[in-house]
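Two complexes follow with subunit A in common, the first pairing it with subunit B and the second with subunit C.
Then we have the complex of A and B:
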């Protein structure tokens, strides 16, 4: 049945990663370290090579993910292995360095690698945490379905607003038109509402949470003496409230999707940077030699 | 009109056109009577610019009228030209409403009262039927129409659309853009239409774009000047009569099938089944001597077939014995067989040797053989394996086959017998492995062809049903028991049909029968207070009701069909006889009862489980053989499943992740369920939708793009799409920026002649690795499941 990539095939990659780490630690403990330790011993070369191979293979996930007809395992299996072997890299690579850190290219490669790994941990956390919240937030509806609901509300709003008088109609139309969902990455993640509305006498004002337009309609409601118009305005304010709630759900959805992805914007570019630094490291090591 | 023609052709469809043109070409006196104002009404109604296919490709065209694949317009023009060129005496607006008389002296009455006399008649009126009329006084006014070609043609008019189906809704909504539109619904709600269309019309009504009269009938139509409109429609609403001035009335009330009219002409149908075909001789003559039936009405759903028959039937009427156009095809097919006789000889021998086919009329049998394959397999070779999903039907023309009904237990079956009927009738996997015996010659008939035959030949259906029951009992309960012993038990068994949602039996009923589910599936439910909570799902091939028979005397649970379901039922007496014949059976049954009780207890433990099961059933999973489910708690919205599907399937994803219902974090996206009895297969003219041995329902290259399957699939999973141009490889995209890249859509079509064809999930049957969607999911949220695993889904959701 449903099986998480973390428990894929009874966590087989977890055990492989554990074994790799244990062997590395064992060898490191058993091995006679030169003083100061360096990567130049046979163990250093071995661990370094393993680490480098792992990094190349970890990056290859990006290719495998896009090789849709591939017969080489499933993406789920790859991700499972990626996560566990990627974590084992902390041990393997660290032992390779012999804890010789400094302000140099070697340490830069190492640091970049650690950033990638840590961002990966955030990814795991995000993957575990956010999907359920998304379903909870939208009640299982997809984004297009939510937008259809908004469009439907907008049509009803427009009809009611016309009954509320020309001023209200223009204001509601402007509120609909100037509704903003999303925006920059930061705006998405912060769930910002930069909606505005053009109101008579007030000009362009913020309409976050539909508050300004609701207030405006309620003001008109207070002043209205016409029964039918009053009824329309009352209904209008309820619908605007519904619209605000619906939009806030969409913004929350946008935010959650953002949180599910944002770490990849660190993970992937830094992974390539790491690869570059690593290449330089290997080249430099051979030159110094 | 007293002049008498030799041949009156009724209906100017492809069949009728071809017949009339051939008669004209030969100088035979004739008349072509067409109800509408143009030729080939069915083709006129295809959507504009539609590319018409000339399937079956192997069949040569034999007609004075040209036809090869091309656009609707080109084909229609070509036909109009041919009518002209051959000087066909065609009369439009000449619908035939009655036929009397006999060969040599037929009198055809037209809808306008005129009479045409003819010696012989060729009926080629197709199966599209007539639009159902308003049926109210004045409905012949010229502003009443039954079709809408282009909604943008009308602007600023007052239009009333009558009807509540998909066509009515689509028309009303489309017209509302530029007109003042009302819709008349006989009922109090829109229920007959697709969900999407219901939503569409309700919001249009809500928004005031369309006025709706619910619970309303049409009283009459008045002609005159009503506020500048040429007429008014008087409606009888729940609040009394309401007159509505109109420029136009569009009635979309569905079609009246041709059957009634054709029966009134004197034509007999072999059974009441709505799909039955009239019985025809090998020269297309029906039971009325001198009256011939060709084309779709006779059961030939493609244009080329209809046209060839038009040619042939004229030859037959003139007394010429020509071979049908398909003759060489049969000749080719029979070459593989070890017989010296000619085609007709072999056909006759087949009917003589095989009892199920002997009652079939020669014309229909010929058609069966055209669709069928003949094999002479080497001794010992496997014909099909147990658990294959194939559903063709086999008959034994010569020699014998070995059927392995149970491990180590084979029975032989010889000349004249058949096998494969189990999967044919139930849509389930093969229940036994069959191997060729000595000197074996087999006829393999596709499911659709066989179903067509069974719908028309009652005797054949009866034989198959009886055998089915017998063999089911043997294979399911008593593999070691000879058929002779089982025969009386089987004779007492009954075949039952249930509609979706119908009860097989209710909790507390007397327990007197055991049901073996032949097709469909059921849920077992218990009552808790007011609520009926489903406890388990039982798929076809299994039985229900055994608990009652083994001890209890009343039913401990209710059993309901989830979809259209057929069962074979055994009463207590027959069941006891069976237990006596097979001692091991009692133990097996008791084991089954025990495990079912355990499961019930497990399910009872939680409130939510029944709801999850009901949810899955509501999504149509009761008829699924394989379904895609997404676990919402681990789906990270990456869309990799959809992209993978598109990338491995000509750029169109066959699953829609953003659609479909969600319950308890289980998402049923829009994707094929590979139904046990696929609705999509029902009306496919070239029989392009097939089931592969693995159970995958897929669409072949011979799809003509008619869109019937798209409409027939209740789960909206079929799309019509172009095949796009090929994409550059990954590296040229990455290194040289050649587009479109992985996951990006390639617009356009592969070649200029490309037409939109039906596409759907094929379960990636041609991909070595299996379903691409599932294999591409990084977190394991997407899985494909067979029904047997549904219970696991449910119990996995238990706390």
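Then we have the complex of A and C:
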């Protein structure tokens, strides 16, 4: 994916974007008007129109990629153009401002546009960085496969826990059912483990990393005089450790998927904010012409 | 209550029965529930069954709902035969056997596929974690349009709305300002409508000339119809809201666009030479020379290029600068004096131009108008040649009749000899008067034709008439401004010597025009794009709005000078008045 959309058709859109940027910079350097550079000169209007058209088209990608029947290019091609022309937009729009900024609607529109583009850069970086880490983390397994492993572990845990005595069985069952993966988006991104366990005498305590339940089992192991029970508890603690590692890997997977996608929740809403500000910018500029 | 729970196994084996005794049966995913629901989609504690008289009451205690007989509910009374779906598990009330108040049949969710479903209980996507795209997108769009377009836009609807938004922290139309106003316009504050009168229309010239009442045309539209100028708005050149704020364009390209080829732009109506750059393409200066035509309008102005053969001032004055500026000095009535340029040429209070030269102020100290060596304090009046002969006659008549030397009191002809007869007295007096007239004529001829007047003036002797000889002193008129089509400020040039531009020390004649030619200026001043010398553009010397033209009144085509206020002025005044009254 990463290789493909950036190098789509030998980076065709890279060259288009470069050409657009070069022409914009060239015109800006060449045009020498009596007044300070400004969006209202002929070049200002030209660059502004190009930038506005680009913004609308870039936002249209969101529509196009859901339009499975469309024959207008491939989504991959669109993505490639989206990335490169979106980057060129920095040049075109900045030259349109004539480097005049202020506390006004116009600079707001520009700022929102820059946030969108920079969040897009984060997206490209994320797509370059995280997929390989995800594969590395899960060993190529899908998340349902990992959860099937967890379920398998849980079945073993249940059998062993019954041999460990009723207290242990209840505690292990509690640890299993109060296992939490994910949570709020922040918890997902921070890989928080909000698992809990109901322990006799202690009540509901945090079971992050299965630590509390493992400690509880080991406590019982220490107190155990029964050989068979001791063996079951030992095995139980090992299995709980495995479960903790497995869940940790799932949480890491949740985190990586979150990191891979979180920029979209900035990119998309701010893009629409930018579109609204752009509309207000164009309308207001011509209201007070 | 006494409750029998009959659990059906998924494999279809024999049902397992157990009894429950208690006030309420808790159901949920947690193992501490009275009836655990092995369904990962359900909350740890989901619902409760309580006995309510003869009824069995189901109440959902967490988020979500149960489906009783297929209908979604959060609480229901279960009659015999009613079944409630709790997630994928089903609970059916059945006839209670003896010793039990109630009986339920419980079919737990199928365990098949539970492994894959295990993970589905968690919020593992950002969307489930509280992030969204669609909602915030719409919210942003609404918020931005409301704050930055709709609210500021109320200013267009009414003046009251405009003033309300501007006076409060509400977003107003100042958010639309693309940059600060020039300092000279800041007094308008945030009243956008002071200039932006109509929405979606460019700022009109009316709003400019409402304040700039004395602004004049560049080309008199009555004389030359130049489309480029008539179709150009004030704001085309005077651009506001820029940073850096430059209201007056120094750039000369706008000028050059017409003045590079004036003939084409004026259909040959103008004889003005083309100019595009002071260094590269500018004609030699022309001076406005005064010509004595001796007609009814005695002085006419002739524009002559510096260096042209016809270049000669004809002020009718005789004045050699070189003599006056001689380093060794010049003979004056009180001995030799060495003159400096500044002794006669002084700047006006603005420091820009030179005050006019006058005889009384600048010449009379040396050029005494004495006429009789015996009477060195007696001077003739200046500027009135017609009265000089009578004055001289009177002077000499008195001298002959009263005394040769008035100071000594001794008459040249003693007309009052004791015992003398009156005939003799009359004859002597007559003789004295004749003598006086001769003396006066001789003196007049001397000063008009050789000395006092003739030193500086061109004097012609008129044909002799009955009244005797008469002279005509040709009137003197000096140019006040040599180059009226540009402006020049002596002030910034004060570190230069006068003679570095004006070759006065070599000038032997008043006919010499001592204005410097363009090359003299070009020694320091370069063109508009000059990198080394002082970059000088058109408006460094030339005005755009020429004072000799009519006032700009854009609502009147052809710009008619109007003393009355325009309709726009009146509207504006009425608006201000209304505003003041509201403020009271």
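Keep in mind that, in the parts below, the second predicted complex is superposed on the first by the 285 of 289 C-alpha atoms of A that agree within 3 Å, B and C clash if a C-alpha of one lies under 4 Å from a C-alpha of the other, contacts with A are read in each partner's own complex, and residues count from 1 in each chain.
Here is the rule we go by: a contact is a pair of C-beta atoms (placed from the backbone, for glycine too) under 8 Å apart; a residue touches a chain by one contact, two chains touch by 3 or more.
Keep in mind it's a predicted model, so treat the numbers as computed, not measured.
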**OP:** Using the touch definition from the top, say if A:134 reaches subunit B (first), subunit C (second), both or neither.
**Re:** first
Original post:
On subunit A, which partner touches more residues: subunit B or subunit C?
Top reply: C
Original post:
First (subunit B), second (subunit C), both or neither: which does A:76 touch?
Top reply: first
**OP:** Would you sort A:30 into first (subunit B), second (subunit C), both or neither based on which partner it touches?
**Re:** neither
**OP:** State whether A:288 touches subunit B only (first), subunit C only (second), both chains, or neither.
**Re:** second
**OP:** Look at A:42 in the shared chain and tell me whether it touches subunit B only, subunit C only, both, or neither; answer first, second, both or neither.
**Re:** neither
**OP:** For A:143, decide between first (touching subunit B), second (touching subunit C), both and neither.
**Re:** both
Original post:
Residues on subunit A in contact with subunit B in one complex and with subunit C in the other?
Top reply: 143-144, 152, 257
Original post:
Which residues of subunit A touch subunit B in their complex?
Top reply: 1-5, 8, 63, 65-71, 74-76, 78-79, 127, 130-132, 134-135, 139-145, 152, 155-156, 159, 257, 260
Original post:
What residues on subunit C touch subunit A, complex-wise?
Top reply: 29-32, 44, 114-116, 118-119, 122-126, 128-133, 136-145, 148-149, 152-153, 156, 173-180, 192, 196, 199-203, 237, 239, 242-244, 246, 249-251, 253-254
Original post:
What residues of subunit B sit close enough to touch subunit A in their complex?
Top reply: 203, 206-208, 631-637, 640, 643-644, 647-648, 657-659, 661-663, 665, 667, 730, 742-743, 767-769, 772, 774-781, 783, 785, 789, 792-793, 796
Original post:
Where on subunit A is subunit C touching in the complex?
Top reply: 33-36, 38-40, 100, 102, 104-106, 108, 143-144, 146-148, 150-152, 154, 170, 173-174, 177-178, 180-188, 198, 250, 254, 257-258, 261-262, 264-265, 268-273, 275-277, 279-280, 283-289
